[in-house]
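Structures given as structure tokens follow.
Same chain, two partners: chain A is paired with chain B first, then with chain C.
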Partner chain A sequence: MNLKKEIRIETIVVSLVISLMTILLLSILLNFDVSTTNSLGSELLNINESTTQSANAVTSVVTYFRGFDTLGEVTILFLSIFGISLGLDNMNKKSNIFSYENRLLKIGVEVLFPLIILFGFYIIIHGHLSPGGGFQGGVIIASGFLLMFLAKNDDFRLNHKIITLCESFSGAGFILVGILGVLLADRFFGNFLPLGSVGDLFSGGLIPLIYIFVGIKVSAEITALVEYFIRIKDVG
Partner chain B sequence: MIGLIIISIFITLITLSIFIIANRELSHSVILFMGFGLGSVILFFLFSAPDVALTEAVIGTGVSGVVLLVTLLQIRGRELKK
Partner chain C sequence: MLDSFNQTPFLHGVITIGSFLLLTIGLIGALSKKNLFKIFLSLSIAEASLFIYFIGMHFEVGKVAPILSKEVDKFSSNMVDPVPQAMILTTIVIAIAVLSLALSFVINYFKLTNNLRIDEMDELGESR
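== the complex of A and B ==
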């Protein structure tokens, strides 16, 4: 094998560009001063108490200071689930991929399913007080439905009308809250509700409302995703 | 003490990831991947990021593992039918 023939001009150009970019990146990273960039975080922490009255500063950044970014994330999740449903939902007769009967799982899920759903709603509603929030609670609810799919093979079917209604109404409500912020307050996702005091359940202004919408939307989407993956086409 | 725990979890996670990549049986590496998620949950919690730890516990350990396993089963079922 002749090594000289294998090396092409494109390879040399690409490796030169990559090494140049590595040198540039290293020069930026080595001169990076951490103390100057930390100012934004401490600034947000300073004004968090007076503007949102939320005990969890992370949620106030996610929903209040950067509410528009959360809207983008929810849109990305919706589009990915939409693509998956386009690809996997064109089959008429579907059955569960796990076709075994497990009595222990079947009886245990009767006890566990309401508790998991309750825990998910707890995480959603207490997003401004404790760690967690809309996304985490929504996925916990979806994992409860996943356990239901595993335990009851074909007996448990989702009502897709209810899922579609939940998903679309919560998405529309999320955007409506943002537009109400433009009309009644200063900006998109501006706060127009009374703030309350730190640590109360009804505090934080807009944060619990936004998180309830995000939680319902995420739980409906992830539940539909899990169902699309678990139900397969009946080959036999 | 916490530093020792963090270093030992780091070493465990690196060895686990080598096992995940090098494993011949794909279903075994999915199970090991869920174990990797569990280790990183402890790590996130020790680095005082409980929000990320909660997300990783549900997504990385629960839903993504089941979705990967189901995809594997579907691929195997189609290969067996052919």
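== the complex of A and C ==
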């Protein structure tokens, strides 16, 4: 291809200048008082053990200290999937754009699909003990459904009622946990469950509960997203 | 010899230059490509450069991940800052949401007009 005609020299100069400005601005912002010992992160690390008893500090920041932020994030994901489903309708009349007739894939998916779902739930439930959490485990579960879509072309269709039920009940449960935090504890997403001790599966108070809701919601949404993008060919 | 590479300023310099180049590549793609798919994928490359920059600049040599394990049994100042990682986790999910919405708009546009090139778009009657 004629790359020279497509990429002009002005574009390269403008991009270089914009990137230089962005990186310089960000490096100034990041180097501003970041080396002091009293940064926000070290304060959160200091109070983490007494307030949440979670072994994973990133998880406790995401769900406990910034739980309201996570609610907004899940809402943005939900609105995006909602907008996509407005545009691409009538999923039952569409067929798969990938149609492999692969025997190995069809037999292998029978073994792999339950294992992938199990691994996704493991990542979700152990979010407060090890790297992982609701978003990562949800995407792993959605990847299992992607494998099903690739292997079983049009024979495998999602039951959209179950997807909608999962999504709405987990979202409602997420907000209900937050409201219970207001009623029983000090603030929205305040902790009202026993904390346990660091390293146990039943520890961390509210964090595993929130991550289970987030995991179910994200897995349902990403699965619906995968179906919307993989099934866009009109049959007739 | 290798010890001189394993220093915090050197690694921060590598991350700065690498994310600068990645941001430049993404912006060049977004500004000069004519296909709508390639424009949105270039924008997501540019976003990825900022993720790398934020995570990488908060890493320092000798610090461990803020997760307790068998070796590390106490939260201390020897751990990296957990706040940027949590914020970048939020940002990645929002980037996925925005990219998927944009790609669904591209698919709908292609279904309506059979065209993906931005220099052949004429829905608002520019060339008439």
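As a working rule, the second predicted complex is superposed on the first by the 196 of 236 C-alpha atoms of A that agree within 3 Å, B and C clash if a C-alpha of one lies under 4 Å from a C-alpha of the other, contacts with A are read in each partner's own complex, and residues count from 1 in each chain.
The criterion applied here is as follows: a residue touches a chain if its C-beta (ideal position, glycine included) is under 8 Å from a C-beta of that chain, and two chains touch if they have at least 3 such contacts.
Bear in mind that the values here come from a model prediction, so they are computed numbers and not experimental data.
By the touch criterion stated above, A:12 is placed in contact with chain C alone, chain B being left untouched.
Touch criterion not met for A:168: it reaches neither chain B nor chain C.
By the touch criterion defined above, A:102 reaches neither chain B nor chain C. Contact with chain C, but none with chain B, is seen for A:41 once the two complexes are overlaid on the shared chain.
Of the two partner chains placed around the shared chain by superposition, chain B and chain C are both touched by A:229.
Contacts of A:132 after superposition: chain B is touched, whereas chain C is not reached.
When the shared chain is aligned, chain B and chain C each come close enough to touch A:58. After superposition on the shared chain, chain A has more residues touched by C, the comparison being chain B against chain C.
Legend: residue contacts after superposition of the two complexes on their common chain; A:143 is shown touching chain B, with no touch to chain C. Comparing the two interfaces of chain A, the one with chain B and the one with chain C have residues 56, 58, 131, 135, 225, 229, 232 in common. Per the touch definition, chain C reaches chain A in the complex via residues 16, 19-21, 23-24, 27-28, 31-34, 50, 53-54, 57-58, 65-69, 74-77, 79-86, 89-90, 93-94, 96-98, 100-101, 103-105, 107-108. The residues of chain A lying in touch with chain C in their complex are 6-8, 11-12, 14-16, 18-20, 22-23, 26-27, 30, 34, 37, 39-42, 44-46, 48-49, 55-58, 60-62, 66, 69-70, 73, 76-77, 79-81, 83-84, 87-88, 130-131, 135, 198-199, 218, 225, 228-229, 232. Chain B makes touch with chain A in their complex at residues 50-51, 53-55, 58-59, 62-63, 66-67, 70-71, 73-74, 77, 81.
Contact residues on chain A toward chain B in their complex (touch as defined above): 56, 58-59, 97, 123, 131-133, 135-136, 139-140, 142-143, 146, 150, 222, 225-226, 229-230, 232, 235.
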